[in-house]
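Below you'll find the structure I mean.
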Amino acid sequence: ADYKIGLSNGWVGSEWRTQMIEQAQAAAAAWKEKGVNVEVVVQSANVDVPGQIAHVRNFISEGVNAIIINPNSPTAFDPVFAQAKEAGILVISTDAEVSSPDATYVGIDQKAWGAAGAKWLAETLGGKGNVVAINGVAGHPANEMRVAGYKEVFGQYPDIKIVNEVNANWDQAQGQQAMQNLLATNPDINGVWVQDGMAAGAWKSIIDAKKQSSIAATGEIRKDFIDLWVKDKLNSGASVNPPGVMASALNVAVLMLEGKELKEPATAGQYKNAMYLPIPFIDGKNVDQVAKELDGKPGYFSYTSQLSIADAEALFK
Amino acid sequence: MSKLIMRGVSKAYGATLALRRGDLTVEAGEVHVLIGSNGSGKSTLCKVLAGSVRPDGGEILIDGKPVTITGPHAAREHGIGIFYQELSLAGHRTVAENICLPDMPGGIFVDRKALEIRAARYIALFETVAGEGFSAEAVVENLRADQRQLVEIMKALATEAPITIFDEPTSALDRAQVDRFFDILRGLKADGRSIIFISHRMDEIFAIGDRVTVIRDGETVGTENIADTNPAAVIRLMVGGQDELAAGASAPPAAATDRKAAVLKAENFSGKGFANVSFEVAKGEILGFGGLHGQGQSAVLRAIFGANLAAGGTITLGGSAFTPSNPRTAIRRGLAYVSGDRSRDGIIQGRPIIENATPIHYLRQKLQLARPAALAARVKPALEALHTKFGGLSHPINSLSGGNQQKIVIARWLIDRPDVLLLDDPTKGIDLSAKADLFSLIRKLAEEGMGIVLYSSEDAELLNNADRILVFNGGSVRRELTGADRTRYNLYQAAYEAA
Amino acid sequence: MTATTQTQGRAPSPMLTFLKQPLVVALILIVALLLLGETLSPGFASAQQILRLLIVAALLGIVAAGQNLVILGGREGIDLSVGGVISLSAIIAGNVMNGADSAIVPAVLACMAAGAFIGLINGMGVTLLRIPPLVMTLGMLGVLQGLLVVVRNGIPSGFAAPGLSRFVTQPFLLGLPGIIWLWVAIGLLMAFMLTRTVYGHRIYAIGSNEQAAYMAGVPVRAMRISLFMLSGVFAAITGICLLGYSGSSFANVGEQYMLASIIAVVFGGTPLSGGKGGYTGTMAGALLLVILQGILTTVHIDESGRQMVFGATLLLLMLFYGRGRAMRG
Amino acid sequence: MTTATISTQKPGGGLKRLVERYPFLPALLIALVLLALNGLYQPRSISFIGITGLVKTYLALMMLAIAQTYVVYAGDIDLSVGAIVSLVNVVIVVLMEKMGGSGFSVVAALGVGLLTGLACGIVNGIVVAALRLQAIVATFATSIFFTGLALYVMPVAGTPAPAAFWRTYGGRFFEIPFVFYAAILLAIVLYVLARTRLATQLLAVGDDAQAAFQSGLPVTRIRIQGYALCGLFAALAAFCITGDTASGDPLVGGKMTLFSVAAVVLGGSALSGGFGTVVGSIIGALIIGLINSLVFFVGTPSEWQNLVQGLAILIALMAGVLVGRRARA
């Protein structure tokens, strides 16, 4: 059978997104060996919410079999997804969950992602100390879920005190500036919970302040950071949100188009439509291994993983 | 009881005292002329009355009752209408909309019909003299300068205000338009309305005024009945002690000049607004351009200077060919151009006097650095030659009156002597003593060997100062007046023929 | 009218005139904000921290120099594309030097050339096609954002050379890093250029009255194009420094500088209408903005509160400067 | 173009008058060409369903472009429109939810939404016109403030709008989609607005604010009214986006601001004020949508899409400005 799958990405401000699309395109090509022709059509550009709704409408016009979207808003697509479903199109969101009952989410649990980093940090600090958090864009659902994740974990450690939380808009330089301001006014920081995209910046400020031996902080999954981590023996740990999530979603989508049925229906998450992928974790124990795997990749390349076709097949009856 | 009394009105702009003690009494049914040299405070006084300038002190009585005018809108409610010297039009709107702008008929919605009827009434007043392209539907931006001034007049008339101010309403109008306007003013007067009228043209003042108030250095120095005075007396009042600087009656120009040494020659020169214009200017000659305004005189000058596009013909400068392309190349070839529209073409608002005086010097000397001391040494003599009054070279040009601003702009051309000086109605809106300074300087420059082309919208200026006059009509030269032919009669005849 | 009457008006007291200068206002506010920051979060005004704030302010101040020139040049001059130029420059610099000190010079040259080229296109659009600057540079920003994706795709890496990082973050002379000296040098150069060179006077001339400048032989178009090119070059320099600051380049580094650079200029007393103002004020404006953001980072409140306070404070500070003239004179 | 040759006037005379009267004609032409190209590459995109989808999707941006147009008329600009959209969106969604999602709650919430937009507009108007702050920076500051408020009202996206609301927006009556009724109603409202005294006054202020003031127009009040109208239409844009997205999201409008400015320019209005039409802005919004779709339908590789879009918009912006001016000049 032959399928046409539309990929929509509404923000191009991060290399992570480019890698996400490239991996998804490669995954589609890999189906050829299985005798399945998967054609992908991509819409990827900076758009506002109406612009990304238009992506979906364009895919409907184009007559695709499935749409995989990294959505600019969790809730904005309910009506248009309903329309896609009416047109017989399978809709899968990835990287950020959507509220639509007509879509399935295939990606990581952002809350668990946030919790994993927090857990590592709390344990590394021996369950006590002053912690600051540097977050992405306030109000952005992925950000808020991650925040909920760390709050839950830190809540379990009475001796861990969150002394400040700031937003640095997933911008590395802003993360660096925020960290520097926090360091100046909170000389007794023990730990930093910071999201990817900004952790490298935060670490830069920690190193500039010569506090890398006394502060533990979460890290990044980009190769250039992993290299630094190894070289400077940083006390870091990183939850992995692999850019391969869209490739994973694509493999799941093809199997669904093939008419296969999930062993366990996708009912997780706040919207009861999620199927969560595993979240790898990098810390001192495996960082050398990760660095080796990333050898030869460009600096902005993110450590990644994805469901192979076989992995995906294992999820279906 | 007087219709309007203004007493002791004062206004300072920062360090500039624009108005010290403005007194003005206007009766119902009179045309009251306000006269004074540039920067004496006439417009300021009027703007205080019209509500667009907030006075620092003084009192205003209308019909004997003291009033406080809080803004232009309030002024209209007190029965004051105004023609602004710098106009107050919306360029993209139509003539009809502009006429009715201060008071659009209708409520939330514009009553188009009423608007058209109201506008038509005022447009009709000038129907015969408004010229081509003037209509209720015309977009103001597309109109000529005189037509815009007419729109502003109509706008002022449409207020139907008991007191209407006209602040230099005739500066861009031609004779026929002025005549029509004066007829209308006489009608208003007959209806008992009060008119405040400002002009620098003595003939107009005596043609239309009933009384005249003279204002000098921000202070009212006297009011006379027009019938009881004469131009010389008014001028004496205006200039205070310096009465030797009488009106534009400079000596009749020198006779024949050496025609062979042409510094500027135009042959079949054509472009937007003019065609097949040919002439020569000799070293030491002042060549006049005359005729009704807007007949191509200004366009020719701007095209030679490279500021307007030329379409055909040849220009020869000092014996070699010259293709006008932009002002910069023209300046490098020794051309100078002074525009009467100083706020558009001349002054660099808000910048020091020295920066306003030096741009040509920079270009001609290929300077890269601006060393204040060295520049001051060049600028000062040029300013002194024009009797320019200024505080310091680092003061902003805005601190000067219009006439002195214009002198700065002229001075910038004199630091490095040009070969040819193109004067495009250079005295528009500048006062009599400044004019006298300017023309004596021009004559001196000519005597030193400069070739000068002078376009003036004032006939007296041309007749008194030009050695020869080319009369323009419809974009080309109709007549050359030389020697004893240079009479007002000949000038008008050529200007009006077949026009 | 004589020279003496010109100056007889009620001259405001010299003290008041002095206090009303944008630069003075900004400096007073800077001190006040530092004190406020120190009160709210002890340590905020420590020497080390002020030094770090200065580095961040220098990054902003350098782009703002170009923004300032474009704005001074008038005709609604504004450059919204600086953010895109910064990002592009950081990427180019990272890839050309790729961690090698020996490649810093070629990297800097490449970035400045790219910045100048983008400025050239902006300037040509604005002058030759007479596209309003806001429109032209907004369109250019869209193009650059797209270009970043394309360029990024084919490019291996992007590391700052250690020398560059040291230049931005490590003490170089008198305890101050190179970037601060660079900023000071740019400040001196700008001041000299604007007050003592023909080029500077011409900037004010075209900004104040383009038509008059043209009639006085100023090469208006060439001037305006050169201003956009300078803006591109300054943005490129910020891009390079930003690479040094963060160590590696990443997409969209420049985004936050677009409106920030304009605000710094306005805080410094240069109105967006052009022809008036200067760079010294802008330097203070950049510092002011960075300190304000710093304070907001260190106080512990909700992000919604932070944004409301930030927005309101910006408005409040603008009341000190950028107010337009009253209609009624 | 043929009109020019038929005309007895000098070349361009007929076209000139046509464009003077209908300044949006060049934009309309561009939009029609784009529509045809979309149809050529993807016939279904211009089917009834396709067009319905286009209108449904871009009605919000059209509204926002209209909002922006009224301030641009007066020579102002509003960089907070996107933030107002977000704020109104979360306010109405939260209210509808709090009041139980009945038909009445929807109407009441919409009323409050309009008031919210109006209030934001008036705040902008006061800040820009009464306090005389520069529009670009001042409305940027208010946009930060409004975003903070939106985050306060709804810290994270997610609350759904009641079905009664979005099913109406997405539904059909007598086989005709609701949005077409909305479009017709909008056309009538705009026609009526164009005849108001305010529209003419805004344009007169945009032409020359000082002249308008001296003519006795209450310039400050007029500009505030322009911003108020802008706020109202931003609220309508929020209704549309809520109808099309059926939910609340405190960041939903953020990116729309610059697109609204681009749409206004694409539509042939002058950013300097005094000249333009709302119809043009509506077409401008459509042009943006049509370009985005066309880039996809012609099969542009993903990494090139943003660049091609950016270039196409830049070229369309230039074309709009150039054609409009050439015809008028």
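The letters A, B, C and D name the chains in turn, as written, and every chain counts its residues from 1.
As a working rule, a contact is a pair of C-beta atoms (placed from the backbone, for glycine too) under 8 Å apart; a residue touches a chain by one contact, two chains touch by 3 or more.
All values derive from a computational prediction rather than experimental measurement.
Undergrad: Kindly list the shared contact partners of chain B and chain D, in label order.
TA: Intersection of chain B and chain D contact lists gives C.
Undergrad: Counting C-beta pairs in contact, does A-C beat A-D or the other way around?
TA: If we tally the C-beta pairs in contact for A-C and A-D, the bigger total goes to A-D.
Undergrad: Which chain has its C-alpha centroid at the greatest distance from the C-alpha centroid of chain C?
TA: B
Undergrad: Report the inter-centroid distance (CA atoms only) between chain A and chain C in whole Å.
TA: Each chain's C-alpha centroid was found; their separation is 34 Å.
Undergrad: Between chain C and chain D, tell me the centre distance in angstrom, where each centre is the average of that chain's C-alpha atoms.
TA: Centre separation, chain C to chain D: 31 Å.
Undergrad: Averaging only over C-alpha atoms, locate the centres of chain B and chain C and give their separation in whole Å.
TA: Computed from C-alpha means, the inter-chain centre distance equals 42 Å.
Undergrad: Which positions in chain B touch two or more other chains at once?
TA: 47, 51-52
Undergrad: What parts of chain C, by residue number, touch at least two of the other chains?
TA: Answer for chain C, listing residues that touch two or more other chains: 142, 145-146, 149, 153, 303-304, 306-307, 327-328.
Undergrad: Going by the contact rule already set, what residues in chain A reach two or more other chains?
TA: 12, 18, 44-46, 138-139
Undergrad: For this structure, give each pair of chains that are touching.
TA: A-C, A-D, B-C, B-D, C-D
Undergrad: Using the touch rule from the top, collect the residues of chain C that touch chain D in their complex.
TA: Residues 76, 78, 125, 129-132, 134-136, 138-147, 149-150, 153, 259, 262-263, 266, 271-272, 302-312, 314-315, 318-319, 322-328 of chain C touch chain D in their complex.
Undergrad: Taking the complex as given, what residues does chain C use to touch chain A?
TA: 41-44, 46, 48-49, 52, 56, 94, 142, 145-146, 148-149, 152-153, 155-159, 169, 242, 245-248, 250-253, 255-256, 293-294, 297-298, 300, 303-304, 306-307
Undergrad: So in the complex, the part of chain C that touches chain B is made up of which residues?
TA: On the chain C side, the touching residues are 1-3, 5-12, 195-202, 204-205, 208-209, 211-219, 275-276, 327-329.
Undergrad: Please output the residues of chain B touching chain D within their complex, sorted ascending.
TA: Touch list, chain B to chain D: 47, 50-52, 72-73, 75-76, 82, 84, 87-93, 97, 101-104, 106-110, 112, 139, 155.
Undergrad: Using the touch definition from the top, list the residues of chain D that touch chain A in their complex.
TA: Chain D residues touching chain A: 42, 44-45, 47, 50, 53-54, 57-58, 60-61, 82, 150-151, 154-160, 166, 169-170, 241, 244-256, 259, 289, 292-293, 295-297, 299, 301-303, 305-306, 309.
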